[in-house]
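The following pair of complexes shares a single chain, chain A, combined with chain B in the former and chain C in the latter.
And then the complex of A and B:
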């Protein structure tokens, strides 16, 4: 009997497909399915109760969810832009260094080596209104005689979280942009100089277009990171007080594990994923455009 | 009477099961048995686990620690195990505040251990470990209830005494009531350099503090039918107590974001006069290397509310045996061993409070000659007498997560106390209805 014989390339790819299906596709489908159930971790049977779009309806009409969603977008936007500007400045400064560049590069990466939980604790104590170094410094310098409630006021807490995020991750941008600067051919810059360009013009029309693709790659990676920002916010404010710093992932994690309502949390996650996809698609489009502009072949 | 009934039922069950260990058998012989355990990890909990080897040597059994995590991570792991039907281990660390969340996975230890052994633990702790008549965890010497720490020199200062008497009409002594606590906190405050008091204003912490002040004020969190009842007059009084201190700037502005570590560091920095806090901090506060108030720390029992009862929100760690365990006797023996007199002495010697009557007597006698330690123990023993656990609802943590943002909103002035409590009660009711508890 001659059975069906798959082509060799299908056979060879099959193990990879099976592994991918087992570790990615199946959990994804299962979590998608559970978002249509009232699944509670402590009541395993609840996964068999199908409730249609009830979780989604609940979320879509929940004001708190949309406020957290908006705040997450805001955090993403501010953090990414500020990190890129600061990363660019850092990279340009380090690139100018004629000696000790390697040491500078290593030092620049230090913040990336700390776990986000540690960074969260560090900044929580720094921004503590009573015993924190920030208020103590401001009071000692005579800039204020008040205890500024950094982690209480919604806007100030947002700034405090932003500072922690930026401190820990600006180096990602700096490293990518520095790589771009180091890979950049010297000739266009020299030609610009000969043509009488000012340093600002050289940067605007020669250097920046060249490093832009690198910046967009860093942006794509970081946008996914921040869209999943959890640890730092969890430690610093846990979304509080009174929900003033709630972002999607503190809300989802609390719903999923602390409240054990995994079905509802999965529905929230699927909506949150849309946000990540949106940002990634946007950056990839920008990346393609930037590459076209410099005629990159990669 | 309860103890007697527990004893009788334990005896009956022991006969039915036919395999319960007897007092003289403990820890028993279990050659070739391996017990898989999930334990709470962390520096203060590890010392006890050195005794596992002694239990192994005595019984011939083996303990296989398959997981060691902090309580919150362990909680997630256990919930995941329940979800996927993977509760295939025998012994798990547990906590009186978390236990109601794991319905049905833990077995009744009354049926596995002799009644006189169970009778050796503090009654209040056994009551807090019993859910629907099942003793689901055996308490270890990691018992927590709060007492009032204060800076002694503030109360010895003649100028303070005179000014306070003039302003409030009574003598300045460490607070015995919520009203006195509030008066004195306002009196001592001098923001932003010094604050009268502070409270943990975040997550379960603020809800727990609200719960105990509510009870001290004569209110109840859930009524006899399990329905949220905290939006009562007593509830408004309790929440207003927090709001009033916040508005008077008698607490740091960041207090609604504080958890226990912030409180501990705050009091140790010398910028806080009064601090209702856990026993674990007693050593730290009086350690000159860590605390600016070392040598100046006094401790009294927690304050009374208008009902005359003291605040007494408490919790304790313990160990449980799963229903799925194939060797329940061996597991129960291990759990007993880790909470027996010697084990509790080992843990209590490092500071944590015991949960056995005999070990309480022992720690107090050990503190002879150490005035500070004796003061601490006296205050906490009084606190322990009036201690009670959180309401034993499987939805407690979920209710807590819904209520605490509302309490914070009232404290920060986003809504009134009554509005906050009404909204919180509505959400809590919905949670209980969703969970089928109402």
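And then the complex of A and C:
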């Protein structure tokens, strides 16, 4: 080793490089590599068998994978849109409150204080076909005399999961949009009134363009959230029954841990991550556009 | 084009009354300025005319319509805000054409109106820019463009020049005056700057604590202030105002110094009356360095010491000690004076004002 003297800046940066390599780069490369092997947790040797793109070929031609993929996109689309509309309405209502606005804001955030796992359990009980409060209420109101199989029918289960997602996370939109409303200068709204706008037109032409960037930030955050959704679904239906509510990450987790096919699961993960990156990129582009539009200085 | 009348207009916030039953008739095509210190109710009154504030009592008429309960959009007014209030996400052209778009006019019509307004305000080059890319003065011009595009009955200006620097403010002041000459419509202009009010308006409304103190042309409020407040508010530097007691043809100040009672007021006061004596710096000058406006025998000259001077080039403001206080005098064709130096100070008493010390009302009539 004598005679090898690294430059001071290299030496100083080395610990950071080593830590990063150990916790990020190596696992990432390893997982990427393993997606090209038939690696099974039960047969460690299989990691040395290189099979090229066979895992990917298999996934891309697998109907079940594409159904789970599509269901994830569907969940994302429904949840984001509904959450945005509800969050917007909530934010507008809370902003109107002249008294107790702080306490309303706090109450609004309650759902975010619960672990998604607990939210999953709670909604699983609420949607239970025998003892759940949803069926109970529907029956008491005389709307139905059946026990609706909320968590068993594929479409109904999807709706139940959607409701749980929306309940737990609408506050994200509400808070961001409320922040936008509160940061908004009053005068353009008054100018709009004088310029002849009805309240609805004021919202359409002045308020909405102003809060749009805030909504897009919430969209970006929530799209990542839902694209990696796992806990609520895992608890409520576990992707079942018979795969009727399977989404990407429940499928990946099952493949990796129950079936112990880590190589295949890793390949799926890389495809799933592509989906997340796609959504993030899309929303960031929208955000940049909206920000530029209102001439935001942030 | 229209008249505006305020009749017994009252505004209360909860129990607090901020505008106390004011009355004002604004003529068609008149440029009227509401002026007064902060908190005098001038902006609130303007916002009530615009419909941005509810009216607690009284009525507002624009033309022959009572507008108390009409929303702003039905009053056919335009407003220019202190902070410009442009729509940040629209281009200059879109900002100016917005009201027409809302009114459902055709794109052709909007383009024509916007182009016309842009020409009036020399904004043609900037039509495609966004407000964030404009300077303060340009934004203010866009705000005015937005106002004139609608061809409203009444223009409302809410301290439109307060956010501009001094030089730009003067420039824009001239532009507003030219604009009014061109557009010829009724304007109600709120400002706290008496110079703006004096230079721009046909009539000035001076407000204080939710009351109207005086309404008059710039000449009237300058030369015949009806109250002590108006006398002190209008004119720069401010009028010298000092309390005195009337005593046998003399005005005696607190420390015993005295001036002859101005001829115009001899019949109006009697010995023992407490009054406020007012004299503008223009009518107080070192002997030989000013012009008297009335008869020469109305000029009274006294020897007094100089405290400090403020040379302005063409003239010098002299702070001279009299009646235990500094009085501001204006010295034309200035020469250098040293603090402590004694000078002959001329009081042009033909221009003096006397106000009742307790009510603050003028004693002229």
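The rule we apply is simple: the second predicted complex is superposed on the first by the 276 of 298 C-alpha atoms of A that agree within 3 Å, B and C clash if a C-alpha of one lies under 4 Å from a C-alpha of the other, contacts with A are read in each partner's own complex, and residues count from 1 in each chain.
Operating definition for what follows: contacts are C-beta pairs under 8 Å (C-beta built on N, C-alpha and C of every residue); 3 or more make two chains touch, one makes a residue touch a chain.
Only a predicted model underlies this, so the values are computations on that prediction, with no experimental measurement involved.
Chemist: Using the superposition on chain A, tell me whether chain B and chain C clash or fit.
Modeler: Once both complexes are aligned on chain A, chain B and chain C fit side by side.
Chemist: If you stack the two complexes on chain A, which partner ends up touching A:185: first (chain B), second (chain C), both, or neither?
Modeler: So A:185 only meets chain C here.
Chemist: Applying the touch criterion given at the start, work out whether A:196 contacts chain B, chain C, both or neither, answering first, second, both or neither.
Modeler: Second partner only.
Chemist: So in the superposed three-chain picture, is A:206 touching just chain B, just chain C, both, or none of them (first/second/both/neither)?
Modeler: A:206: touches chain C, not chain B.
Chemist: More residues of chain A in touch with chain C or with chain B?
Modeler: B
Chemist: Let me test your reading of the model: by the given contact rule, A:15 touches which partner, first (chain B), second (chain C), both or neither?
Modeler: Neither chain B nor chain C is touched by A:15.
Chemist: Taking the superposition on A as described, I'd like to know which of chain B and chain C A:52 touches: first, second, both or neither.
Modeler: neither
Chemist: Considering only C-alpha centres, what angle arises at chain A between the directions to chain B and chain C, nearest 10 degrees?
Modeler: Apex at chain A; the opening toward chain B and chain C is 150 degrees.
Chemist: Looking at A:293, would you say it contacts chain B, chain C, both, or neither? Reply first, second, both or neither.
Modeler: second
Chemist: If you take every C-alpha pair with one atom in chain B and one in chain C, what is the shortest distance in Å after superposing?
Modeler: Superposed on chain A, the two chains' closest C-alpha atoms are separated by 51 Å.
Chemist: Touching chain B in one complex and chain C in the other: list those residues of chain A.
Modeler: The answer is that chain A has no such residue.
Chemist: Over in the complex, which chain C residues touch chain A? Could you list them?
Modeler: The contact residues of chain C facing chain A are 50-52, 71-73, 77-79, 81, 83-89, 98-99, 102-103, 130-133, 146, 150.
Chemist: Which of the residues in chain A come into contact with chain B in the complex?
Modeler: 38-42, 44, 47, 124-125, 128-131, 135, 139, 145-152, 157, 237-238, 240-243, 254, 257-262
Chemist: Which chain A residues qualify as touching chain C in the complex?
Modeler: Residues 185, 187-188, 190-198, 201, 205-206, 209-210, 293-297 of chain A touch chain C in their complex.
Chemist: Across the complex, what residues on chain B touch chain A?
Modeler: It is residues 75-76, 79-80, 82-85, 101-103, 191-192, 195, 198, 201-203, 252-254, 256-257, 262, 265-266, 269, 271-272, 394, 397-398, 401, 404-406, 408-409, 411-412, 414, 434-435 of chain B that touch chain A.
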